[in-house]
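Right after this note come the structures.
Both complexes below contain subunit A, partnered by subunit B and then by subunit C.
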Partner chain A sequence: MTATSSANTSGKELHLNWKERVDVIRSNRWFLMAFPFAMLALIILIFGGATGGNFFRVSVLKGILSQAIIIGTCATGVSFIYSNGNLDISIGAVLGMGATLGVLAYNATNITPLLILVSVGVSLGLMAFNCTMSVVCHIKTITVAIVVTQIYSAITTLLIGGAGTIDIAYETSSMLEDGGFRYIAFFGYFILCLVVYHFTRIGRELRFLGGNETCAQQTGMSSGKATYVSFLMAGLGVGLAAVFSVIDVSAVSVETGSGLGMDVMLATVLGGMSIFGGSRSNAYAGLIGALTVAALNKGLLMVGVPSAFIQGIRGVIFLALVYMNSERRDLLPSRMQF
Partner chain B sequence: MPEKGKVLVQVKDVCKNFGVTIALSHVDFVVKTGEIRGLIGENGSGKSTVSSIIAGMQPASSGEMAYKGKPWKPKDVLEAQAAGIGMIVQEAGTIANISVAENIFLGSYQKFRKGPIIDKKAMVTEARKALEKIGVTHINPALPARMYDMQERKLIEIAKCMYNNPELLIVDETTTALSQSGRDIIYRIMHEMADAGKAVMIISHDLNEMMEQCDTLTVLRDGVIIDNIDKADFDPDDIKQKMVGREIKGNYYRVDNDGYSDEVVLKADCITTMHSLLCFDLELHKQEILGIGGLSDCGMHTVGRALYGLEMVVDGEVRISDRNVVVKNAQVAFRNGMGYVSKNRDTESLELNASIYNNIASTGYDKNSTGPFINPFKERAYVDKQVRALMIKCQNAHQPVRALSGGNKQKVVFGKWCADDADILILDCPTRGVDIGVKAAMYQLIYDMKKQGKSIIMISEELPELMGMCDRLLIMRDGQISGEFFRKDGYDDRTLIEYMI
Partner chain C sequence: MSKWQDFRRKHVLLMNTLFTVAVPLTVWLVMELLDYSTTGLHTMNSMVDWTTLMRNLVSSFCFALGLNCNMALGRMDTSTGSQMFLACILGGNLALSLNLGGVGVLVFSMLLGMVAGAFVGFLFINLRILPMVLGLGISLVYECISFSANNQQGLNLFGKPGVGILSNRLFIIGITVLIMLVMTYLFQYSPFGYKRRAIQGNQKLANDAGINIYVNALLCYTAAGALVAVAGVFDTAYKSNLVPVLGMNSNSTVFSNMFPMAVGLWLAKKSNPVIGILAGSLSVQFLVLGLAKFTNIGMSDYMQTCIKYSVWLVFMIYRMNEDKIQLIKDKRARVALAKATRAQRAAVAA
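Entry: the complex of A and B
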């Protein structure tokens, strides 16, 4: 037996290989906060250069902002569901049905606030139903979402009828748009989410439950209550996004909300959040991610990438980000301890 | 005659860093055939790190290793297993929802393949043989691992490890999760291996156990090897001093006989659970440290869970007397001044990916709120107080808990409940896997809580700590209280053991 008693603990030096160096940077909380902003800046710079500055035209930026507000509102709301460790991909169908019923209510009465109230109310109700199926009937949220997506889409198609689209008066949508309704509603909702998420008990509980439900319950937290809050916060966001969608095109169609689920998921991970929930969750991820997704969509179109390819590119980016965000354990159960 | 004294593993100038934290600094040692080598040191001293590097769980940051005379750099656990190095880890190493047999052959299902189908029957038969090989016959390999308690699941891991006939067995802080019968199995295996010219490395905080079982002890402190001591030179006080770098007094339990109030604060009235307990009664008094001891499967862990509302009570009730509240679930318990430290630290008591800050803050959302909002200043003070008081070894409170050593993780668990200021605390194996320095600090903490008027239930498989700390001691057997003993009368370990078995 040989041994070296190198008791010189003060003169320790670091031996980091490149992988560990990357890990150190990756797990630095400031890096985690800055990364999504850097991604957004990078995309803007790349497309700004590639389009010879056309990307910075006011009309283009306005278009990006318009799309980002819809995705961002949904993503901000859905981040509550993700941070609680759940997944829901039915938001596109919920948005479609909320918007349809809102438009029908408005067209029947000509009362503008009814468009907003019904859209938001229906979205809240549908998300509450999804949540109840999960909390009371103990069905996984993703399973519920897959089933109800079909149901909600079918109902929306029936309500809209053969024409496939229902218009609303252009004056109404332009009045709402010009009156700044979208920006006021969006920022109001965003600030509400930020406050609930970071500065209230329930927001903290949501994240803790998403990280370790058993531990959270032993610390007096209620999983059912937190799940309801997360779905209702998401429902409010989806309802507002439904109104924004209607304002955007002065109509609702069977296509309203389709593809939104993917955009929202991509926005969430681009915003730096893990779709597996837990401590690495925040409320602004959705907004930053939405701006990035909208800029990416627009930029790719402007540089002439066919729209079919854009879907593929977004899918690859999504998978790469989820891969990078995952904490992969070794093949066998082990512990990392020193 | 097996060859002994030949170098089996050589560790040369090995360093390991986790971020900027240094876990190992230029470590050199060899393990020889026929040897049982103990690694001993405080939590965070690097014992588990060096052994997990040898076993292929993680790579070293720098340095070299040799195994059987050839360079050794395993890329994963499977490679190490195939080469004859097996390791039994401290925390749960089994997967709950697959069968015992599937756990035993995890990663090597290939040999049971018949075309595209896995022959489960053959796997179960082989698993039964693996269990019998270590002398365990009461575990059914066809059942899911979740059907078995922690001790039995440890035995499954041992069977898995021994099935591969390892040349080097690494036992990492496993014995504290086992009752005496489980420990005896491990000790027998260790000595059989040493006699057969193989080698064993064992990590444990139980100094007596280490001195009894090991041929040589390697003492680590802060990632550096301090000394190697042969059996002939074992001296407990000398070893303790080398471990912590300061003198440790032999006795760190309380020495008073202060007694407790007559006021009952928590009462279990004829509670029956789905498993283990049938019409079980218990009264906890104000300012009392009540110990519950027994063999691992005597039902004492279920008592702790049932009292805190984690185990369904099908008949009878648990009542918090002064508030006249029936504990129906953990939320009711928490909101009415109770706290619970689980035996399963990593899976139940901590959110490993969250920071130290968020883990400690989790018990204080109500206290640190103004209306519905959390006051960040109050919360910071709430957390900082505990990080300082418990001397948690960390860079800052925003470090994820998973990067801490076992003892420091347990300090975080204690920290969150100390901060919560709960009136009734249920501690299930509170010092499992922590070193004597941390243990002494925790005993002091428990005693301070008692002096502050709090009531504590301490469930433990270690009789010395129950005898050292408790005002009253209940010994359980088969879900029933088989004996009740009082500090004022003095405890006698032989009598206690008689009531346990």
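Entry: the complex of A and C
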């Protein structure tokens, strides 16, 4: 009798409605791994067809790759911040200030390595400052990001001055580009992130803290230490991205880094990672997502969609993907800031 | 108990009023001293300064109050800036096309703001995405709509018939007082306000007690939409036009109004959120007007921005560590008391 009722219950439990079926599919690990690649392939196919093959021209693909490297470097670094449950929207401003000081240092000395060292050093310093405000002064990371974004942007504009742009010698930027600096630096950083994230204790701690902070702290993990590591790894990535953005246009302007924060968030969710962190986080989501974002931006422009509508489309895609990547809570999500 | 402590205990209302008034007064005094000593000008130098203060104050107060509708419950709605643009551009132009004048612009913008806010609330309670992230996505969509509307011209009030009332001082004061009364009733004395405060205390307990947290969230978003629309209308009346933006630039309005809201919430502990935010907005406006005087000695707008946000950062450091400072003070008082008691006992023993 008991066995029969148990079998009936199991039969009922197996009968899932469509929402539950979607939940089962989207939490499948193979689906999560295949989804970003499928999205990238789909976008390439759609725009390839819509532009009559023009999308596959070498110059277009080079442009996409160039944009993807900047977004991908930032997104790979910022995935460390996301993975332990923090959000930082100041990376665009950090990149702008890092690039500006790097260019000023280079123009004053004409020493190319100084451009790289100053850009990376400044970005690391600024991210360390953001982190200190959060860890030592107990201000929420997002509140710190909101305040410092305005301060860094204002300082950058002051440094650049009335012209709104500072050029560097074209020979220097082309030398760095032709010498393959971008690709070597990007893949070096990417491999470092993969190793730290997936094969070291600190990477596991970051994911654990993002999944359940209280539980992780009760097992002896230091939230402060993990936050510092995540911000410094992100700072290194943002610093490199600052150098890449200078190489890209042989200049730095007050617009450098603007809109990057949203591109990075979109790249992260398109790469199949939740921006709320947790055990499903990974370090490679940023690269796949960055390629998809760059292809999407370029493709929409090539098919003649106005820039305002591109933004709207990106907003809808962003919300749909965040919804897909996040677990639905029983109550309303909230997070005290003040 | 000392005489001062006894006085404070007996006159709680007076002390709370003094605390609320003291902060904007201190900011004004500090800026007045700095301005006069460096530029030879007063912070409030002419009637133009007073008019500017009044217009900016009502705009900042309404926006900060709109942010507070959700912020106090742990929901940072980053889409309020784009809601303001959408409501003012669509509602304002609709009212102008119907020749309804300034009051029509205000009413139609408020209605559109309520619709825009309610839609965000509807998405929030259905999608249950973290409000800040939802707000970023919505900002992109709302900016796209407001940019594309009215041939990318935004809202232009310059020379339009009947919009002069939006710059009338009595009208501005009347609207401010009306908003204060309505929001005080809504936040402090209405069933909606009681439920909101219960949710603010503990969402799960409130839900278990039978409060519909979803309807309350929807109402909070709707009220926030209406308030930011009012802020947008007065801001547009001051600047004479509202230029649509893209690239999440509407967020800068949200971020700049978080400062008066943060100060206001701190002041609210001795009054109520509406009065607290008004005093917070006034304090920040005195700071901004005071800093603006430094333009005469060559200080750029960007340097003023740096100073303003640095002051906010310092304030946040104090705010987030206030309890630790109090802990240190209490410890010192205990040590002093222990020392005094020991000395007293030693004296008696001798």
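Assume the second predicted complex is superposed on the first by the 316 of 338 C-alpha atoms of A that agree within 3 Å, B and C clash if a C-alpha of one lies under 4 Å from a C-alpha of the other, contacts with A are read in each partner's own complex, and residues count from 1 in each chain.
What we mean here is this: a residue touches a chain if its C-beta (ideal position, glycine included) is under 8 Å from a C-beta of that chain, and two chains touch if they have at least 3 such contacts.
As the structure is a computational prediction, the values presented were derived from the model and not from experiment.
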Touching partner for A:V147 - first (subunit B), second (subunit C), both, neither: second
Touched partner set for A:R204, first subunit B, second subunit C, both or neither: first
Which of subunit B and subunit C A:N212 touches, first, second, both or neither: first
Partner chain(s) touched by A:M221 [first = subunit B, second = subunit C, both, neither]: first
Partner chain in contact with A:S59 - subunit B first, subunit C second, else both or neither: neither
Partner chain(s) touched by A:Y323 [first = subunit B, second = subunit C, both, neither]: second
Partner chain in contact with A:S258 - subunit B first, subunit C second, else both or neither: second
Residues of subunit A contacting subunit B in one complex and subunit C in the other: 331-338
Subunit C to subunit A touching residues, read off their complex: 71, 73-76, 123-125, 127-134, 136-141, 143-145, 147-148, 152, 203-204, 207, 213-214, 217, 246-248, 252, 255-256, 258, 261-262, 265, 300, 302-303, 305-306, 309-310, 312-313, 316-317, 319-321
In the complex with subunit A, residue positions of subunit B that touch it: 15-30, 32, 44, 46, 48-49, 52, 57-59, 61-62, 76-78, 89-95, 106-107, 216, 218, 222-228, 308, 310, 330-331, 333-335, 340, 342, 346-355, 358, 361-363, 365-366, 369, 372-374, 376, 398, 400, 402-403, 405-406, 416
Of subunit A, residues touching subunit C in the complex: 87, 133, 137-139, 142-144, 146-151, 154-155, 157-158, 258-259, 261-262, 265, 275-276, 306-309, 311-312, 314-316, 318-319, 322-323, 326, 328-329, 331-338
Complex contact set, residues of subunit A against subunit B: 1-9, 12, 14-17, 20, 23-24, 27, 29, 195, 199-202, 204-205, 207-208, 211-212, 214-222, 278-280, 327, 330-338
